[in-house]
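Here it is: the structure, laid out below.
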Amino acid sequence: MSDPAPPVLRVRDLAVFAGEKPLLRRASFEVGEREVFGIIGPSGAGKTTLLRALNRLVELIPGLRVAGEVELRGQPIAGLEVNALRARVGMIFQQPVIFPTSIAENVLFAARRLRPLSRSERMALTEHALREAALWAEVRDRLHAPALSLSAGQQQRLCIARALAVDPEVLLMDEPTSALDPKSTHAIEELILRLKATHTIVLVTHNAAQARRVTDWLACVCIRDGVGEIVESACCATMLDSPQCREVVEYLEHTR
Amino acid sequence: MTRAWSWFFSMVAAGAFALLVGIFAWQSRPVWSHEGWRYLTGANWHFRQQEFGALPMIYGSAVVALVALLLAAPIGLGAAIFTAEYLPRPARLAVKALIELLAGVPSVVYGLLGILLLRGWIYDLFARFEPLSGDTLLTAGVLLAVMILPTVVTFSDDALRAVPATQRRAARALGLTRAETILNVTLPQARRGLASALLLALGRSMGETIAVFLVVGRQDNQLPAHLLSLRPLLEAGQTLTTKLGGSETHIAAGDPLHWAAIVGLGLILLVITGGLTVLGTTLGRKSDA
Amino acid sequence: MRKVTDFALAGFAAICAAFALAVLGGLVVVVAGRGASALDVSFLTGEMQRAGAAGGIFWHLVGTAILLVSAFLICTPFALGLALVERVWWPGERGRRFLRTALYTLNGLPSILFGIFGFIVLVQWCGWGKSWLIGGIVLAMCMLPTVTLALVERLRAIPARYLEAAAALGLDRAQIILAVLLPQAWGGLISGSLLGLARAAGETAPIMFTCTIFAGATWPQGIKDNPVLTLPYHIFILAQDSFDPAVGARLWGAAFVLLALVFLLSLLALPWRLRHHEEADV
């Protein structure tokens, strides 16, 4: 972690408030290049809120206020144009959100707006994104079929392809496999490990075993005095095998 | 006991409404046998000569309603986009409540404002086309546009809000601007509900009587030679509702054929507005199924 | 370019909203402005003189009140019956949906049709002539869909757990209705009726054939041939005549009073409607 270049994401004393009530406090961590940074913890602790602060999606929820600093490659994200930020920091939600159009149109939904694309560029980009998301083989014959006809696992991979099509530097994933069956879960975990070579990933997961399989570094968010907080942050194996914090120990016991 | 009473009242209510439809159908029979299809397509209504062509009135109703819709739809949709997509919840509810309140303004008050304000404006505005007076189809259309504006806004807002927040959030998370989200995600997915809103507003326009009565001029047989010409907008006209609301309804009470002709207009009105409302309601229903 | 579209759409939407509010608010301001000068105690308590050029609208208020009260009383049992049948006893969801569609359709029917219906059946066939009661019946018919739908929505919003708990306690259907549904239904009945009455108060078309005249009526003495004076019809007739300046302010005053009445009825419905809105979100 002693890289001369700034880390991909640096978070310092991030806090989120709903009006006066704090939801999350004093979150600080760094995410390095091409690393899978995992966030685990019990439900309701604030993991999703933390994630959504990283692409300023919290701003869409009225009443929420953010304090502290988040930097993307050294630049405070509050100073960046928000839509450009969100193209650089993509997000995958727990439930795959598919637009009611064709597969191809879903993939390019955002990409086509970033810059005008010729027909051949569009086809090339669609194929590239779908290959990166390990979905190309399954849908190459029916690119114009309704995307809603895909299975849940395929839909989630479509969402990943869609996010990849705008060429992001970071991918934020909010429990991407909790709504999926074991086979699809496995496929997506494989996908994450492959994507690690080219992208930086922040992954919220409910599942300690998944964290062990996929992440490099873990932060555990637990509720302390009624407010979410990162109680421990360590290398994945270290955290899971010898947790230091009482809350983490309890949490890991629960999920065993 | 409660059961028996509930069924009793329901049956009586159903019976009354069925009777209404039945009476309009039954009492208009003579004019259907007298005129046949010419009742709907005939361009002349001269009751003294027993000639009953309803087309000018169907035309009048349609023109007035279409003008109203053309004016109210863009503004109403724009306002609904504002309330549904840009306002925070408390403000949105307050604005909606205000607009719904204003929707209750009685048509006779609209008519009064139409006579005292709108008539003069239209007359002056189009003075170089030399209209005969300010009582024209256009005046009625503009007045109706204001009347149906709350309907369009309220139903369009509902249709837009019915699009799930997850869709909007996913689009924003991809980096789409608010406008791009509205134009490419929200509006397309709200299509059905918006169509329903417009159909219901159209139905309301065709059924409006009093306000139109006061500013449309109530001139019979104003069917233009070319259906798409704009000249009739600046001339007086007659709609199905204004004919029914006029003195002819009392005059006709003695003569079976004349009476049938008048009641027949009511039947036409019933079918058109009923059809539009059913269509609008079922369309709107499917979008939230 | 994307930023321009973003700004343009927001601007367009805001302008439309402002325009809509301005136009609608503006007309209220105009009516109030022109009518306020006529408003004093004698206007509200005096009877009409010189065909509206002098005097007040007392009997018109009385007539409108009579129509509204009778419309409410007539409408209520029918609305309750229909709502209960729809919620409790009608077999099958398709039938229910049909009933609701029928109600929405009736709601969209032009009120003049109800007026002509009343004219045919009650004024002529039954030989009642113009009568306040016919007005009440016709207005009740106009209101019925609104009130019934409000009741149905209210009853639908009752969480299933109340009904389940009651059934689990051993209550039969009729008892469940009385114990659980009806108490909750009153709110829907009141708010729906207030909305229906707000609309009915402003109606002219259904009453002009059936129950109202321009001048000469006071308190009805019976049913047959006992019309009343009403605010909307008063405004309607005077609006058509060429303008006598003496009538002017009084006409606007009458319009203002009618508007205030309609708004009052709508606003009274608001607390119930807001409370229901909140419960539905829980």
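In order of appearance the chains are A, B and C, and numbering begins at 1 in each one.
By our rule, contacts are C-beta pairs under 8 Å (C-beta built on N, C-alpha and C of every residue); 3 or more make two chains touch, one makes a residue touch a chain.
What you are looking at is a predicted structure, and each value in this text was computed from that prediction instead of being measured.
Looking at contacts between chains, the pair that accounts for the most C-beta pairs is B-C. The chain with its C-alpha centre at the largest distance from the centre of subunit A is C. Inter-chain centre distance (subunit A to subunit B, centres taken as mean C-alpha positions): 50 Å. Between the Cα centres of subunit B and subunit C there is a gap of 18 Å. Contact with two or more other chains is made by residues 83, 113 of subunit A. Contact of a single residue of subunit C with at least two other chains is seen at positions 2. Shown for subunit B are the residues that touch two or more other chains, namely 177, 180. Chain contact summary for the complex, subunit B toward subunit C: residues 1-3, 5-10, 12-13, 16-17, 19-20, 23-24, 27, 74-79, 81-83, 85-86, 93, 95, 97-102, 104-113, 115, 117, 146, 149-150, 153, 177-180, 182-183, 200, 203-204, 206-210, 214, 241, 244-245, 249, 253, 263, 266, 269-270, 273-274, 276-278, 280-282, 285. For subunit A in complex with subunit B, the residues that touch the partner chain are 55, 57, 60, 62, 83-87, 90-91, 93, 95, 97, 99-100, 109-110, 113-114, 159, 162-163, 166. Within the complex formed with subunit A, the subunit B residues making contact are 88-89, 166-177, 180, 184-185, 188-189.
Those residues of subunit C lying in contact with subunit B across their complex are 2-3, 5-6, 8-10, 12-17, 19-21, 23-25, 27-28, 30-31, 77-78, 80-82, 84-85, 88-89, 97, 101, 104-114, 116-117, 119-121, 124, 141, 144, 173-174, 177-178, 198-199, 201-205, 208-209, 232, 235-236, 239-240, 251-252, 255, 258-259, 262-263, 266-267, 270, 277.
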